[in-house]
Each structure stands twice: as structure tokens, then as C-alpha cells.
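What follows is a set of structures for review.
Both complexes below contain chain A, partnered by chain B and then by chain C.
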Partner chain A sequence: MNGARHRQWGGGLAIYAFAYLAFLYIPVLLLPLFSFNDSLFIAFPLRGFTTKWYAAMAADTQMRAALWNTLKVGATASLVSTILGLLAAKALTQSAPLPSRGFVLGFANLSLFIPEIVIGIALLILMTSVGLPLSLTSVVIGHVLICLPFALLVLMSRLEGFDSSLEEASRDLGENAWMTFWRVTFPLVLPGIIASLLLTFIVSFDDFMLAFFLCGTDTTLPVYIFGELRFPYKLPNVLALGAAILIASAALIALAEWARRLGAEGAARDRVIGA
Partner chain B sequence: MLLSPTTALLLFALAAPIALLVLYSFWTQSGFNVDTQPTLVQYATVFTREGYRTLFLRSVAISSVVTLVTVALAYPIAYFVAFRVQRAKFTWLLLLTIPFWTSYLLRVFAWKVILGFNGVINSGLISLGLISRPLEFLLYNPTAVVVTMAHTYAAFAILPIYVSLEKIDRSLLEAAADLGDGPFRRFMRVTLPLSLPGIIGAAVLIFVPTTGDYVTPSLVGGSDGVMIANLIQVQFGRVNNWPLGAALAISSMAAVGIIAVSVTQAARLAVARIR
Partner chain C sequence: MEGSDFIRIDKVTKQFGAATAVDGVSLHIAKGEFFSLLGPSGCGKTTLLRMIGGFAFPDEGRIVLDGADVTDLPPNRRPTNMVFQSYAIFPHLNVRDNIAYGLRVERMSAGERNARVDEALAMIRLSGYGERKAQQLSGGERQRVALARALVKRPKVLLLDEPLGALDKRLRETMQIELRQIQRDVGITFIFVTHDQEEALSMSDRVAVMEKGRVLQVADPKTLYERPVSRAVADFIGTMNFFEGRLVDLSNGKATVETAALGRVEASMPSGGTFAPGARVLIAIRPEKLVLSHEQPEAPFVPGKIVAASYLGDRSQIQVSISGADTPVAVVTQTSTAFRDGEFVYISWRSGGPLLIAE
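Up next is the complex of A and B:
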């Protein structure tokens, strides 16, 4: 193999990689940039620095209500989907594989392969058929469904390296099932639980499509933003809000990835000790 | 037993709604109520009305282009991280996935801001003196939809391809080199075929949800970029013809599923023959 040519290829690839990162980041970073721009229009040249859009955003009571709704939905959906995911992941990663393992996993991940609009209208039909009014509760039901694959992914990978002899030892020493879970299983799975809570919260916080069909009059933040996009004079407020959301969600994701990595390293270590 | 809460949720929030959706597609709307006499009239409308067929074909065409472009752009990045990056793999993967986790709606909005008549590109080029009048072909057309989706769905391509490249046994590459294959032949005969599962996975993960995307065509598509999801939404909103909306959703989902499965199988067969 020609070494010099190989290195040249590598150099070209690295340049491409950085160009691609620019393609991913520049559009997103324009939102914070223009959110400090003293102009109603999102256009160059920049007019000067201002924080008035942030002040306007903070004073917007409708937006605050939508934010509060979104946080409530996100907290509930992430908690419920993580608990369901933990129970299911525990059952699916047992040393004696369940006969229904593949079926349940496929069923749980199915929502990833159905366009969100179809899930949205199907749940809308369900709610009207069973007579449940559209509210934040119906949004939570939809969000738990779409959060479940993410919770399962994170928690199953954490539980797969789990040494079940630790639980057996706890039971042999006289702890009941609940105390065994609480004192042995839970602390070992904790990094995975944190990662799952954060990721599912983000999935719920981000979702527009399901909330659009299911929230009724209890607007969530993405639904509120989508409504605001029709009014050009409100765009700077959306920019300020968007910038705040971008920074908060990037921080949450970095935290979730860090927790997951902590978990992965822990799981690898457990396996080594087990062997 | 641990699985029962999750199974119950999946039955209630996924299986039942989809079953109801199918049921609805055989009913008819009469005023504000639905007539539950089973009929195929909705499907007859879906398949015979020319406007619907045009819209469906356009959705499939746009999604196909999006899939090709996104996978082609993402492959070199996945290759770079899998084979060239030595120690900072985690950092690269994190950098590539963070934008994916930040609000989908805001990323689409960012492109609207970039491509708009008075947007970032136009105002930037005008203030640099490169053009005198804003370019009108940037926003509100299928190309704008493709560009936006190639950005918003990037992570769906990068991650599966990266995982399949990372799995490749490096000794196979050495063997190919030892047997006299140059870098290009080696890539075509070893790396590319072995990364095919990742490419297929990425293609399905992009093609299926983009055909049902509502936000992107609504915000950047304009009237030429309207897709099937917009039509479905209208049936559940302004037009208030839920059975027709259900039939549109079911038939487009079925068609997309058939296309995805047959293209995947064809790709597998083609590669098996090349090898």
C-alpha cells in the first residue's frame, strides 16, 4: 500500500469531517447568534447587541404556561417510561432468555418505525373512542410510548453485563426480593437509570407531532413555538427561546452520555471481576 | 410478570390505536359523526384521486433523495470516526449526535431562517455585494425540504453506519492488502459490503419517518413541497374527514413498508452477487 497516498486520503477525510461538523452546527448556532441581534429581521448585517428578546420572552405568560406544561409532561413521561423500561429490561436480560423476548422487543421498538403522524392520529382516535378528553395526560401516554425504545436501549445495555450472582448472594444472605433490588440491583443500574431519565425527558421535551394532535388546549412548548412561527414579529422571541432550549438540551445530553459511559465502564468492570 | 406493565402499555397505546385506525379507514364521515357501516370507499378515493397519487409519489421521491443524500454525506464521517480517529472517538460521536438531540422543530426553523427571502444566505450575500436581489429559489420547494432533512436526520445515518464499520474485523483489511488489493479495491470488496447492514439500517431509519414528516414540508416546503403528512393532517383538522385520513395513513404506510422491504432485499441480493 502506498503510505503517502494513504495519509493524503486521511487528511482529505479529516477536512471533510470538520466541514460536516460545520454543516451540522452552523444552522443551529445561528439561533443564539441572532437572538442577541437588535433587529426584528433575522438577516445580515447584525445591527447591534441586545437582550431585549430575552426580556420579552421572560415576560410572555403564555410561553411560561407552555413551558410549565412541557416540564410536567417531560418529568412524568420520563419517569414512567424509565420505570417500565427498567422492569422490562430486567425481564429481557435474564440469564434464561424468555421465549417472548424477540416479540416484546420488536413490539416495544415498533414505534420507531411508524411515522409520528400516524401514531399521533391513531392515539387521537383512541382518545375520542374511549372518551378521554385531550389533555396533558393524553400527551404523556403518547410520550411514554415513544420514549420506551430509548429507555430500553440504555437500560438493557446496562443490565446485559450484570452479574446475577450478586443478587443470588443477597438472597442467600436473607434479604427479600425488594431489599435485594434496592440495595444491590438499583445502585448498580443507577447510571443507566439517570441516562434513561435524561434521554427520555429530551425525547418528550422535543416532541411536537404527538402533542400537536393530543394536547387539546393545554399547549406544550413545541406546539406553542409552531404557532408563533406564523407571526413574523414574534420570531425574535422564538429565537431567544430556541437559543435557551438548545443550550439546556445540549447540556442535558452531555450529562446523559456521561452517565451512560460511566455505566458502560462499570458494566465492563463488573464482567472482568465476574470472570 | 415484570413485562406485564410494558405489554399493557403497548397494547393500549400502540396496538389498540393502530387497530382503531384500520377500523376507521373502513368507515365514513357523516357530518360530525362517523358511519360505522364498513365500506371501501375511502380506499377507492385514495387510489383514484389523481392529486393524492401525485402527492404520494412526490413524498416517496423526496424521501428517496433525502435517504441517498443523507447516507452518502454521512458515510465518510462514519468511516473517519471508525477508522481514523484513535482516542477521541467518544468526543466525535458526542459532537455528531448533540445536534440530533436538540429540538427538531428549532432545527427546521433554523433552515427556514437561513433559506428565507430575507434570510441569512440572501442578506449575507447582499451585504457582501455578491448579489443585488434576493435569490428566490432557496426556500419553499422540494430542494429546501431535502437540504433540511439531510441535516435533521444526519444522526440516523451516521450511527448505524459507524456501528457496522466499527464491527469489521481489521485483520480482513490486512488480508486484502496482503493479497494485493489497493485501497480502492479493498474498500469496494471488504469494507463496503461488510458495512452494508449499517447502510440498509440507516436507509430504513431515514426513509420511513421522512415520508411521514409533517414539520419540514410545512415550514420550508411551500406549495411545491407539500407531502402526504400535510394531507393526512388536514383530514384530521380543517377538512374533518377522519376515515379518509385513516385510509391515507394506512395505505401510505403500507406502500412505504413494501418499498422499504423490497429495496432492502434487492440491495442484499445485489451485494451477495458482487461478492
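Up next is the complex of A and C:
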């Protein structure tokens, strides 16, 4: 009886789970679908297969400039936030905890919960009041701000449980703190660093709000796309672009997750054998 | 530097917040000595070792190694190397690179470095293991790699932080013998931290017994066992029976003590300490210094009743309740005579068995 009820509920659950996933992904999948549709209008029924929107997208020099800006901003912001995050994570996971650990950790991650529009306005006011011209540099500053909590969380999970006696052993064997970092800490934390770089890159790449406020005349890709939406004849190009970004993002996230798991397995194995 | 001044630890104190981990410890350790710091967990022995290695710095006092004050030097600038409790084998390097790690810091040709690593691998009998990763090693093998990695630096002092604690009993006993053998061969001063009194006694030239951040006694294992200076030391090392009493006479290095449980007892004096007749003192007797018999022996003796008898193969451990003592007296006998629960017996003691200890 118990089993029968279980099966009955199981069927209901399967339908619910399917609806749940459909809700999440069907809208997103419409993007690549219409990007191959041979019509200026985004509506069913589909008119036929074409790749001309992709060709148009590739030929768009303004779009290519915006993409290049986004890549530059993403690379810089992810590198800076990962370095800063690594330093903070190292300090916060020391075996002798800092007295201010809880305080620092709380505030370091609190910015995750500040609406980006608030951060955007605040940074805009700050930049103009200190006289910093709006440019890709100001976008990078804003992106480092929103990327830091992500970098910190990823790197802390890697450094948590890091056996500090490994670093002590290196010091004991004659290395100074700097070489100890490069010979012991860095190789062991590398999977976390890669995961952090990829994740923060995506955060920066995706960001519209801060870039919209801070980019001035140097548009990034999301800002450019937003501008293009005003022209109906350019909509299919944007769909093609969106589909391309979707695939690239998915690939990057898969890569980041793979790197993180690789690291987590390694760390877990070390702990088990060490015990 | 000669004599027992090779390592001089001078009134070293270390506090963590309000807690005093090491409290005014002074020790002198000789060159080539196998010296153990023995005590229960939290007694400050590991903190003291870490201060010698440069992983913690004293609040007060000095540490002098071979004539040089190293108190404030970082670990990489001290002539010491450490075998960590967790072994701290670098998981991203193989055995050979682990052992060569510290040699790469020194200016040395690749040929010489390889020769030194090969020599170290041979010493720990892991010659074929150079290419293995840390994950592929057993606990005992990791322990030996940690030892080789430290010794290959040819330190003046090797520090060992409970290196056998993670091993099972049989392997631990093998490693005790091996470690002692290696120490004799290389002639390097070893400072060994352990909470295992048998381990400390079996391996060390001298042992410092620590409790609550202080050193209670420093002595060779035999003196420590046979002439403990305090109840705490006697309690920590082996089993000891204590009897309260009053000192009635002192003469020729012998003390006469009046006890409730054993009557009048003649006891050996400890090397240190001053006693005045009339003082309240303790008589301490090891279980193997007591003799049990069914027949009444020559005086002095006391009658008692066996409350527990455990057969341990080569010997028996017997608990005897006697009047005037709160807890049963522990006696160790050879197994040639059988003693059973509930039997009435006589306890006598070998001369030299009873020790005088301040209360």
C-alpha cells in the first residue's frame, strides 16, 4: 500500500519536475530557435532555416567592438577580483582565525545583496564627484566590486581544510613566505583559482546594469544589445548574438564547475588519506 | 658547543590570550641527545617544540641553538627541521620531489641533490618509491618520507611532533626502534614530543615531563621511573601506589614514615627537595616492588583481600584492598603462583621499593 502511494506521488512529482525545468529553459531555448528563422518577425509559425542573421551579426563592426570591450573588461575584472579574493580567502581561512573573521566575512559578502541599480547609481555619483571620466576603467571598478563576493566564496571553499602544516613544512625546509606561496599554496589552490576566474568572468560578461551606468561612450556588449533593441530590423541579429553568448556561457560554466570538482575531489582525497 | 648547552631554553613563556601555554620553562639539551617532551595534551609540549622550530615566538625568554640566539628567527633561517604530526607530505609532488624540496633552496648541483635524495631514500628503505605520489603511500611510509625530507637538510636539531601518534600499535613499535636506530646513525639531536610515556621511556636519553606549561622533572628514563620527584610525575609514568603518612625520622639518606595503611615504612629519599620531620608526606611504591604471598612473610607486611585479579600472560595484575587505604593496592606478580578473587593474602615490599614524595 505504501509502495502504491509512493508510485502515485512519484508520477505527480515527475510531471512537476518536468514543468519546473520547462519553465526554466524553454524561454532560453527560443533564442537559438528564432535565430535560425528566416523572418524579421519573431512569431510562430517558423518560416524556414537561415544563417543570414549570424552572417549579419559577424559583419557588424560596432557589435564586434562592443564584444571586444566586454572581453577586455571581463578579463581584467576577473583577474583583479580573483587576486583580491585569494588574498582575502587566505587570511579568512587561517588555522588561527582572525578575531574579526565573522565581521569581515559578513561584510565582504553583503554586497551580493545590494541591488545592482543601487551600486550603479552610487558608483556613478562617486566617479563624477571625484572627476573620473566614465570609461571601461570605471566599468572594471564596478565589476570588481560585484565579482569579489563570488571570487571569495569559491576560493574559500577551496582553502577551507587546507592543511596549514604544508606551508609550515615549506618554511621549515628553508623557503620564504613568497616562494612557499608559489611552490605549495598556488599549485594546490589552482583549481579554485581557475573556477574563480571563469565564474567572475561570466558575472562581468553578463552585467548590464553597472556597465549601463558606468561605460560612458565605450559600450559593452549587453549595453550595445539593449541599444539595438530599439531597431526592429536588428532584432534577429541580436537573437543570433544571444544564442552565441548562451552557448559560450554554458561552456564556460561547465568548465568552471569541472575545475571546481576536480579540486574538491583532490582536496577530499588528500584529507582522507591524511587522516 | 660542548656539554649540555647545545640547546639552551631559558625561562621561555608563551601565552595564548589569557591561557599560559608554556610557563617559564628552562631546559638544557646536549648535542646528539634524544630528548623527549612528555605530557598530557594541552601541557604545552607542542607549543614549546613549535617555538624551537620558529612557528611560534615566546613572549618572554630566549632560545639558543649551538651558541646562536634564534628566538626571533623565522623557521627558514633556523638550523632545525620538523617532522609534523600530520607529516605534511606535499600532495602535488612525488616522494623524490618531496625529499628534494628543501635541497632546492640550497645552492647545490643537480647531481649532488640526486645523490642526497637517493641516500635518504635508502636510509628509510623506500628506494623504489621515488616516483610515487603521497596518496599512494601508507601511514608508515609517509612518516618515513617526512623523516627523510627533514633529515636530508642535515639540521642541527630534528623536531618531531608526535610522529608515531597516527600509526597502529604494532607499526608504532617498529618505528620506535627504527627511529632510535636512525638517530644513533646520523648523530643529530632529536627533540621528540609525545604523550605516550612508554614511547618516551623506551626511546629517549632524557625526558622532560610537562604539565600545565611547566616542566615537572627532567631525567633519564630509569631515574624518572624509579625516583619521580612528585606525585604528578609518578602518576603520569606507569602505575604507582600512594600511601599518606607523616615523616618521623631522617638519617643516612633514609626516611622513616608512619603510615596508616602500611605502618612504619623505610623509604628512599628523592634527589631534590627538603623534608622536615613531622611533615605530611607520601610513600610511593610501584606494583612490581610489592610481593604477595598466601603464607605470612617476615615483617614488615600487611594483610589484605584480593578484590580483582587480571591475568596478562607474562604477569598478573592484582588489586588488593587493605585497611587504612582508600583505594585498592595494585600489585604485579609473576604468574607462577595463582591468586584468585576473594583470597586473603599478605603484602610485603622489597627494600628500596618505597619512595618518599612530598605531598
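The rule we apply is simple: the second predicted complex is superposed on the first by the 274 of 275 C-alpha atoms of A that agree within 3 Å, B and C clash if a C-alpha of one lies under 4 Å from a C-alpha of the other, contacts with A are read in each partner's own complex, and residues count from 1 in each chain.
Everything below uses one rule, namely that a contact is a pair of C-beta atoms (placed from the backbone, for glycine too) under 8 Å apart; a residue touches a chain by one contact, two chains touch by 3 or more.
Being a predicted model, the structure only gives us computed values, none of them experimental.
S.K.: Fit or clash for chain B plus chain C once both are placed on chain A?
M.R.: On the superposed model, which is not a single observed complex, chain B and chain C fit side by side.
S.K.: Applying the document's definition of touch, where does A:175 land relative to chain B and chain C: first, second, both, or neither?
M.R.: After superposing on A, A:175 lies in contact with chain C but is clear of chain B.
S.K.: Between chain B and chain C, which one contacts more residues of chain A in the superposed model?
M.R.: The partner with more contacted residues on chain A is B.
S.K.: In the overlay, answer first, second, both or neither for which of chain B and chain C A:160 touches.
M.R.: neither
S.K.: So, does A:28 touch the first partner chain B, the second partner chain C, both, or neither?
M.R.: Only chain B; A:28 stays clear of chain C.
S.K.: Between chain B (first) and chain C (second), which, if any, makes contact with A:38: first, second, both or neither?
M.R.: In the superposed model, A:38 contacts neither chain B nor chain C.
S.K.: Once both structures are overlaid on their shared chain, how near does any Cα of chain B get to a Cα of chain C? Whole angstrom is fine.
M.R.: Superposition on chain A places chain B and chain C at a least C-alpha distance of 18 Å.
S.K.: Using the superposition on A, tell me which residues of chain A are in contact with chain B and, in the other complex, with chain C.
M.R.: On chain A, the chain B and chain C contacts do not overlap at all.
S.K.: Provide the residue numbers of chain A that touch chain B in the complex, in ascending order.
M.R.: Those residues of chain A that touch chain B are 1-2, 5-6, 9-10, 13-14, 16-17, 20-21, 23-25, 27-28, 30-31, 34, 41-45, 84-85, 87-88, 90-92, 98, 100, 104, 107-108, 110-119, 121-126, 129, 141-142, 144-145, 148, 199, 202, 205-206, 208-209, 213, 222, 225-226, 229, 235, 238, 242, 245-246, 249-250, 252-254, 257, 261.
S.K.: What residues on chain B touch chain A, complex-wise?
M.R.: 1-3, 5-7, 9-10, 12-18, 20-21, 24, 73, 76-77, 79-81, 84, 90, 92, 94-99, 101-107, 109-114, 116, 118-120, 122-124, 126-127, 151, 154, 177, 182-183, 204-205, 208-209, 211-215, 219, 229, 232-233, 236, 242, 245-246, 249, 253
S.K.: Spell out the residues on chain A that touch chain C in their complex, using ranges where they run on.
M.R.: Those in contact with chain C are residues 163, 165-166, 168-176, 179, 183-184, 187-188, 266, 269-270, 273-274.
S.K.: Where on chain C is chain A touching in the complex?
M.R.: Within the complex, chain C touches chain A at residues 53-55, 74-76, 80-82, 84-88, 90-92, 101-102, 105-106, 134-135, 149-150, 153.
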